[in-house]
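Got a structure for you, questions after.
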Amino acid sequence: MAKKSFRQALNEAMRQEMERDANVIVMGEDIAGGMGAKGEQDAWGDVLGASKGLLPKFGRERVYDTPISESAFIGAAAGAAINGLRPIAQLMFVDFFGVCGDQIINQMAKFRYMFGGKATTPVVIRTLFGAGLRAAGQHSQCLYPIFTHIPGLKVVIPSSPYEAKGLMIQSIRDDDPVIFFEHKAMYDDEEDVPDEPYTLPLGKARIVREGADATIVAIGRMVKFSMQAAQELEKAGIKCTVIDPRTTSPLDTDAILSGTKKTGRLVVVDEASPRCNMATDISALVAQNAFKELRAPIKMVTPPHTPVPFAPELEDIYVPSPAMIQAAVTEVVRYR
Amino acid sequence: MAKKSFRQALNEAMRQEMERDANVIVMGEDIAGGMGAKGEQDAWGDVLGASKGLLPKFGRERVYDTPISESAFIGAAAGAAINGLRPIAQLMFVDFFGVCGDQIINQMAKFRYMFGGKATTPVVIRTLFGAGLRAAGQHSQCLYPIFTHIPGLKVVIPSSPYEAKGLMIQSIRDDDPVIFFEHKAMYDDEEDVPDEPYTLPLGKARIVREGADATIVAIGRMVKFSMQAAQELEKAGIKCTVIDPRTTSPLDTDAILSGTKKTGRLVVVDEASPRCNMATDISALVAQNAFKELRAPIKMVTPPHTPVPFAPELEDIYVPSPAMIQAAVTEVVRYR
Amino acid sequence: MQLSREDLLKAYKQMRTIREFEERVHKEFATGKIPGFVHLYAGEETSAVGICMQLNGTDYISSTHRGHGHCIGKGCDVEGMMKEIFGREGGLCRGKGGSMHIADLSKGMLGANGIVGGGPPLACGAALAAKERKTGGVAVAFFGDGAFNQGTTLESMNLASVYQLPVLFVLEDNGYAETTSSEWSIGGHNPVLRARGFGIHGERVDGHDFFAVYRAAQEAVIRIRKGAGPQFIHVEFTRYYGHFEGDAMSYRPPGEVNEERKFLDCLTFFRGRVTSAGLLEGSALDKIDKEVEQQIDDAVTAAKKASPPKAKDLVTDVYKSY
Amino acid sequence: MQLSREDLLKAYKQMRTIREFEERVHKEFATGKIPGFVHLYAGEETSAVGICMQLNGTDYISSTHRGHGHCIGKGCDVEGMMKEIFGREGGLCRGKGGSMHIADLSKGMLGANGIVGGGPPLACGAALAAKERKTGGVAVAFFGDGAFNQGTTLESMNLASVYQLPVLFVLEDNGYAETTSSEWSIGGHNPVLRARGFGIHGERVDGHDFFAVYRAAQEAVIRIRKGAGPQFIHVEFTRYYGHFEGDAMSYRPPGEVNEERKFLDCLTFFRGRVTSAGLLEGSALDKIDKEVEQQIDDAVTAAKKASPPKAKDLVTDVYKSY
């Protein structure tokens, strides 16, 4: 078992599943790169290089570069999925969902229900999300609350390289449409990742750490920030439980509720815009189902209700920070 | 002051604003109808007839039938708005937002912020939403949580004909992009609506009724259902406050918080899919800011996490009913 | 193009079935027994039948909101269809989809679609799967004149062209998109040229003439199976009923539909052609008319008898596992 | 097409300004001083300048992620641009937009756009507003070869055609969309024919030759102002740098760019043409080179000196009122 980056973990997961199952294909803009060009093929292996090496290994038969026609190729992935393939299609940045949303929210998400249970749509939409790269308003959004809102979709948000590999393999094997969120600012994060294939369940939260004073539920990159906050708080004698739901749909409500009941104090950390996001979703869940056990108001830590700014000085205060999480936890713990 | 339908109220609002301001135009598929056809012009006045009569009065110069190209004409409305016009563009059913979402969430919503405050985008997107017409999975969704999630958009959801006229006129005069939701099952609802133009503020909730035992916050058609429930509950001696936020963005948090604090018991009724919706948004708001005053768990009344079914027997149990609201209120009131 | 006697009988029976199905749905809708939005295919039978007759079990079609004809053309069970339209148990989608979402994947019918332009990307995907898995399958994307201006349709034509996918794009130009005339909405007024702009060979055919549609479809599908890549057919005809049931069609000149029905009806045309040419005798066609009438009547009776879905069905079929 | 001495000097100065701006941004980016994604326009100067020289204050342009050249062509302040790219106060968007979102509505520059295909609908809207308000204004939609396959672009061409809007569609074909060649991605390989498929007259021009672009643009804009409806121009050239800063361009054959720069550079070509024809003397051009260099240098110095936005700016400018 070697240290691997988030990028390598994804790459390994896709490669191993493509080896295992000939029906798995990948599609996307520059997913290999160099299509029709006279230079190197597999030039990019997608915009951040997670697909690099798939083309030489599996060929153009299974690695499809696409024109910039998201509606057509994401819809084609859905159409191929109901007819025997298991496509992994990359929506380069989730911000682009506005040009192909229908094929995701009205087509693949609803086939099974609208067709009376007779459709199976095993497609994975890989997509980059999140702030931190100075990519400004149209390349930095989270948007997973939108997909979580839509019945028929599963929403997976890995919080580390180990999680990324196990969840990607499970997502590829899953028979429902999965939107797989990859935080662009985590691509170079490293940790020990087993070489062999393994799966992590969808709908089962991970208890990252346990502590009796407060419970933090955090998503994606915010899990890492919450762990940093928890370590700082530990020094001040405040012990936190940190829960990573791993998937927002399905959501492991039991883990969140029991984890919250143990401490009676909850902080939810969500990088998505604050309105109708996962922080509100989880807060509402707890407010309705753990009222008796709550000993302090629930605190939500989110960005402000604004687009993501370009200037580094602004983006850095836009994204929830470990310090903000620390302050929120301190507040709920102090609450009497 | 005469009884007018929801449809007539919208029609009057648009007509009066077009008379007042020559920069107001309307666009949409069959918004007048008969374009290029040899029969009657203004044949439809949009799919449910709310724009009927605008063409004869204002002509093709200001009433634009469009091809079925939502990205192009919704985007054109945005482009016209930053250049002096005040377009009212109809996205026939909000379910179709997936084919033009980018122009709404990444373009019109973000111009002002991305351009450093130098853009003003006075556009209104009218759109039909909600279940009840047996229109099945792709013509019955609410989706306003998605727009509420996006910073830069205002989201208006009238709950009656009177509200529809006042809020539409205000939306047209507002200088920010407004997504205006019209519940298709309310088009024939009637009530007294003044003939002269009037406005209702965006971001100011309406206290529909006051009662000391429980607070119901409901949206759109659910306001009507909540009032029916409240009347039934009254007979059983349970007195409810019913609050209609009118707009989900901006949201009148003060009215919701103070209204909840008075009774200590909250039921939120939302026709939208249950995950990351307005029920969770409002519950979370209250859980974070009215913890001390809450005397019972917050109850959310929503449909299940499924697409909208076609069969009447299924759709009827999909949509939250007055009975379900009544049961929820009874439960929170009984809670000790 | 030689149609055997079986082919001719099959063609007539299918077109007649679609016509009868739609006219009966029209009647039933008027009595309030059918819920929701219903879009009738009457007047456009040549397209669904002329094209689907070129297809087999390994082939696919994507459809539109006006999908009954495509279902029948691709061999969906009419009783299952009727039950679906009535929202009953035993419907093709168990009553959850209705007219706008009828589908039968086991027949390669990828679903009627409530979204204009929703189908073409799916057809591309089905074609890609067929190519990938070397089934020899072809996918047909049926779409209307209005849908021809939807970005999803246009992107799909480019994608199919770039990948040289086995897709037949069929533009069903019935003159209107709701109330809007196709002469106005299609910039350039030359769909075949537009297809060429995506590198796709196309042809325009008179949709009143089954034989014209059949011939064009046959040639196109043969080219596709030979590996010539995507093809395009522009079929022209008119719709007999309103955009959806309840539409008064005031945007059409009075009598326009009656004229069409009187002088250009595809069934009348077919009957005249085959009987005068002595290919089929009128009695054989009359026999089919009766059989079909009976079959549709049985379907309606069965649909009315069928029970509605059960409450528990509301929350099933959302996910395979959750 | 007669270009006055002023026109020629202006053309050269603007193209030189774009080139200098981009090459300087390239250098500054390498030192890590510029944040985010930066796409350089070097090599494509003829398009922004040749086309914007036909426009005036009542006209609009929509741009792309590769928008610096369009900004300069439409008269945006280079210091304000540079500050924006550095994310500083005094930037055209007060540091909130950056390279991908530079805009100056007061100049009719509707914004660079991070969404491929995001601009054409906006240009249609600006044209509609101009038509509606009878300003005589024209709107230009600049987009790339990759964007030519985006549904939003294709829909916009149809909309402009149907409404006969005063829009000039400019396909800037620099050979690649990121790593993907335009020869592959554009089905049919004939953009002008594709435009015709939407009823839009088009022309293909050699983008290395400023005069060819200028002439085509002039004719197109004159036709538009005369009310001939939308027009299309396919400009062919190559991009000199990576898709964005940091791209090694391994997908291009080694030397491809150097060849282009050596034999087909639009500035060298322009200089040769005007000096040999005795229209301008080399010294006049040298003078411009120096002025421009100084101007860009000042802009960079100013940008580096400028202070970053203040924390309070994070939450302003979301709404006019909320």
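Quick notes on this one:
Labels for the chains are A, B, C and D, by order of writing; each one numbers its residues from 1.
Going forward, contacts are C-beta pairs under 8 Å (C-beta built on N, C-alpha and C of every residue); 3 or more make two chains touch, one makes a residue touch a chain.
Quantities reported herein were computed from a predicted structural model and do not represent experimental measurements.
By the document's definition of touch, common neighbours of chain A and chain D comprise B, C. Centre-to-centre spacing of chain A and chain B amounts to 30 Å, using the average Cα coordinate of each chain. With each centre defined as the average position of its C-alpha atoms, the distance from chain B to chain D rounds to 40 Å. Look at where the CA atoms of chain C average out and do the same for chain D: the two points lie 45 Å apart.
Between the Cα centres of chain B and chain C there is a gap of 36 Å.
The set of chain A residues touching two or more other chains comprises 67, 69, 71-72, 95-96, 98-99, 102-103, 106, 113-114, 136-138, 151-152, 305-307, 309-310. Among the residues of chain C, those touching two or more other chains are numbered 93, 95-97, 101, 113-115, 118, 149-152, 155, 158-159, 162, 184-187, 318. If each chain is drawn as a node and touching chains are joined, the picture has every node linked to every other.
For chain D in complex with chain C, the residues that touch the partner chain are 149-152, 154-155, 157-162, 184-190, 193-200. By the touch rule above, chain A contacts chain B in their complex via residues 71, 95-106, 109-110, 113-114, 136-138, 143, 145-146, 148-152, 248-249, 251, 272-273, 275-281, 283-289, 291-292, 294, 296-300, 305-307, 309-310.
Listing the residues of chain C that touch chain A in their complex gives 60, 62, 91-97, 101, 103-106, 110-111, 113-115, 118, 120-126, 128-130, 132-133, 139, 151-152, 155-156, 158-159, 162-163, 316-322.
Looking at the complex, you find that chain B touches chain D at residues 23, 25, 61-62, 64, 66-67, 69, 71-85, 87, 102-103, 106-107, 111-120, 151-152, 154, 174-176, 203, 250. Chain A makes touch with chain D in their complex at residues 29-30, 33-41, 43-44, 47, 65, 67-72, 95-96, 98-99, 133-139, 304-307, 309-314, 317-318.
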